[in-house]
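Sharing a structure here in structure tokens format.
Going in written order, the chains are labelled A, B and C, and every chain counts its residues from 1.
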Amino acid sequence: MVRWKRVLSKVYLALIFLFLYLPILMLIVLSFNNSRSRVTWGGFTLNWYVRLFSDSRILDALRTTLALGIGSAAIATLIGTLGAMGIQAMKRRNYQIVMAVTNIPVLNADIVTGIAMMLWFVRFMPLGFSSVLIGHVTFSIPYVILSVMPKLRQLNLSIYEAARDLGANGVYAFGKIILPQIWTGILSGFFMALTMSMDDFVITYFTKGAGVNTLSTMIYGEIRKGIKPEMYALSTLIFAVVLIILLCTNFLSGRGKEAAEKKQPAD
Amino acid sequence: MKRKYWAAPYLVWVVGFVVLPLITIGVSAMTDDQGHFTWENLLSIGDPINRQALLFSLAIALGCTVICILLAYPAAMILRSLRLNKRGFAILIMILPMWMNFILRILAWQMILSPNGVLNFLIGKLGAGPLQISNSWIALMIGSVYDFLPFMILPVFNAISDIDEDTIEAARDLGANDRAVFWKVILPLSAPGMISGIIMVFVPAMTSFVIADILGGGKIQLIGNIIEQEFTKSMNWHAGSGLSISLMIFVLISLAFTMKNDLKDKGTTIW
Amino acid sequence: MKKRILLTGLAAVLAAGILWGCGSDKNKETLTVFNYGEYMDPEVLELFEEETGIEVKYEEALTPEEMYSKYSSGAIEYDLLCTSDYMLERLIREGELQPFDMNSLEYGENIGETYWKTAERFDPGNRYVLPYFWGTVGILYDKTKVKKPVDSWEVLFNGEYAGSLIMQNSIRDSYMVALKYLGYSLNTKDEAQIREAQALLLKQKPDVQAYLVDEARDEVVAGNAAMAVVYSGEAYLGKEYNENLEYVVPKEGSNIWLDCWGVTKYCDNTDAAGKFLDFLCREDIAMKNFEYIYYSTPNEAVIENLDESLRTDKTIVPDPEEIENCELYLQLDPDTNKLYNDLWKELKAD
């Protein structure tokens, strides 16, 4: 009975993963397709991977995308973490109001957020890289807050208060006591923000200035005439790199944890 | 410095880049081409066509949310039973697909579901007739569930994994069977996670015009498609703003009911 | 300690990110160019930058409406833009373009007389726009699925190919098909005629597999649909991928479109803009673009140098009699536009 259940749950999880990864598989296959059309199979080729690295526009867009992703995720994580700390210390009423506002970017249709920001930005600044950066930070912050908040809630704040009472300044107490405990929440917030930024199209499209291209805006421009196969190749590469990084960190942290678990009884 | 002031940069940011832009849209919603005040744009959500699109979007979003919940709970329960370090990995695997461009992934679904697509090829191998699900609400539903499922699994999983094993053991000792444990312990304790899942699935599912356009074959009109049409095709920004603001009010009101019990004590979690 | 380093790192990334936007070279001559997606060989831009030293900031959009939205928001001051006939008409009427002496272009003569004439429909005296590419709208069909050769819009409405036809997901292209089939002008302002077209499209809707813009061609190539309403350029590419496909401009007539370049009122450096336009007209450059896009080119120097097989391909170089019944879209009055928008929503909501 129990074994049967275990098999069933493995199968279920596998099916969910299949569902999530089927389109990815499809795109990976297309990156090896020796035809410019996505609906005809022209044989296996690595050509697109080679051509990718001689296409300066795609590489430029990749650089912009990465700079935007890392930059916006870093800013969002910084502001969002501090924000979450502050919000948590607020009184109930203020807390509710701020959390409601925090949800607005999540609740609004992307296109509305994008156009609202564009209409607002053009009043006082030229659109360029900075405006997209601000846009991305804005829609990423809620995800950071939402992932740091639960960790804060589990936190025992009395230690922090005690440290303050004993004369530690805020930054020091934060770094020594709070940060180690919410670190995982911050990291996942960062990763989430990075992912959202890499995947966004609509908000980027409306807030970007002339000549600023990300991979998504490039792909969008290609829809009509057919997506360039180089894009499939690049997506596959990005995907592979992230997957490898994840596998490595998981392997390392897994070993770290095992070691820690072994050590614990001796403490 | 008091801890609540740490939120200052965030509050400045929110006011500068969320609230003020929203007010810009709000002003645009309440004026006409000549800049005169009008309620018309806000009320146009009641027009027969817009109302129909709204109701249809509600139905689709509701269906999508329910399916996501139904799929997410077993997945989250299974993930909970995995070994600790495998767990974090399984979760990262959930968001990993988002590193492939969204438009590309939706186009891939179109290729999978089309009459000569991968799915029908496989079904044909099994000897069954071709399925006609491309360009329909079913395809739209599949695409939406696909796109938003991780946003349901993650918060539900987090809520479930935060439940103390002792609580469950206690329930069992008191004679609860699996079913009772789920309904009486796990579900109520994971409700906050489910609610944040609902927030992140329900609203986007109503407005995801790209999925509707590509997988619905342009025959399906979500409220998001109408807003998009007002902004980019009809170039009627006032009407578009009006619709978005009324949609937002509508969503906020319905969420206020859902979240009434969810503030401060339990809060929302996505991890 | 480690954490402090990390925080410093975060701050550095933050600062670098913000500086990125401001760090551009102010002294360099630049042109901000707005065009449809994939509507120019990227190599052409590189060559232009190499030859003239002028930096091009290149922007793309999918539809004329989207371009207009982005242009008119004033968010970016474009110098040059390429869009479709009726949108250019609107921009000219609203004073958004500045007159440009087309005779000053060294290679302007490469553009055939007929195309300058066509452009005069919305730009009398050829004061504002330079033709870039043109084409028709017609039916791309699969000969293995459609037994009789198609020559009329009727096949889309008689129910014979129910469930396997694809219409355009854009307002005017959809109504154009119905209006032309009914024998009306595609620029009609007569509400009764437009409503008649609406009735026809509503009746047709259950037969329509999908309303697509971008992927219509691929669906026919893949054999998912028997026929689709497409632009001639897409049809040529479709035929390249699948030899069983054929393209026809129905005998009732259709839309003929002309995409042109215009210089916006924001452009200060008309000298650079002129260099860019001239560059596009030069044979080798126009040829490069043609071989990238495969739409019909108005550049006669290019047509003369084409291979026999391309020059005789009616999709690329249509017969004059074939396009006799075709009309350009003209800008409609606000009331008619509103009628179209409302009817379109109604059609989609049905």
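Operating definition for what follows: a residue touches a chain if its C-beta (ideal position, glycine included) is under 8 Å from a C-beta of that chain, and two chains touch if they have at least 3 such contacts.
Model, not experiment: these values are computed from the prediction.
Chain centres were defined as the mean of their Cα atoms; on that basis the chain farthest from chain A turns out to be C. Of the two interfaces, A-B and B-C, the higher number of touching C-beta pairs belongs to A-B. Chain centres here are Cα averages; for chain B and chain C they lie 34 Å apart. Centres computed as Cα averages put chain A at a distance of 17 Å from chain B. Shown for chain B are the residues that touch two or more other chains, namely 107, 231, 237. Those residues of chain C in touch with two or more other chains are numbered 213, 215, 219, 222. Looking at chain A, residues 38-39, 119, 220, 223 sit in touch with two or more other chains. Those residues of chain A lying in contact with chain B across their complex are 9, 12-13, 16-17, 19-24, 26-27, 30, 38-39, 79-80, 82-90, 92, 95-96, 98-113, 115-117, 119-120, 134-135, 137-138, 141, 143, 145-147, 149-151, 153-154, 170, 185, 188, 191-192, 195-196, 198-199, 201, 215-216, 219-220, 223, 227, 231-232, 235, 238-239, 242-243, 246, 250, 253-254, 257-258. Contact residues of chain A toward chain C in the complex are 35, 37-40, 55-57, 67-68, 70-72, 74-75, 77-78, 118-119, 121-122, 127-131, 133, 175, 179, 206, 209-211, 217-218, 220-226.
Residues 49-50, 52-53, 107, 110, 114-117, 132, 134-135, 213-214, 217-221, 225-226, 229, 231-237 of chain B are the ones that touch chain C when the two sit in their complex.
Residue ranges of chain C in contact with chain A, taken from their complex: 3-4, 7, 10-11, 13-14, 16-18, 20-22, 32, 36-39, 42, 46, 57-62, 70, 73-76, 78, 213-215, 217-219, 221-222, 234, 237, 241-242, 293. Across the complex, chain C meets chain B through its residues 63, 65-66, 68-69, 72, 163, 169-171, 205, 208-213, 215, 219, 222-224, 337, 341-342, 344-346, 348-349.
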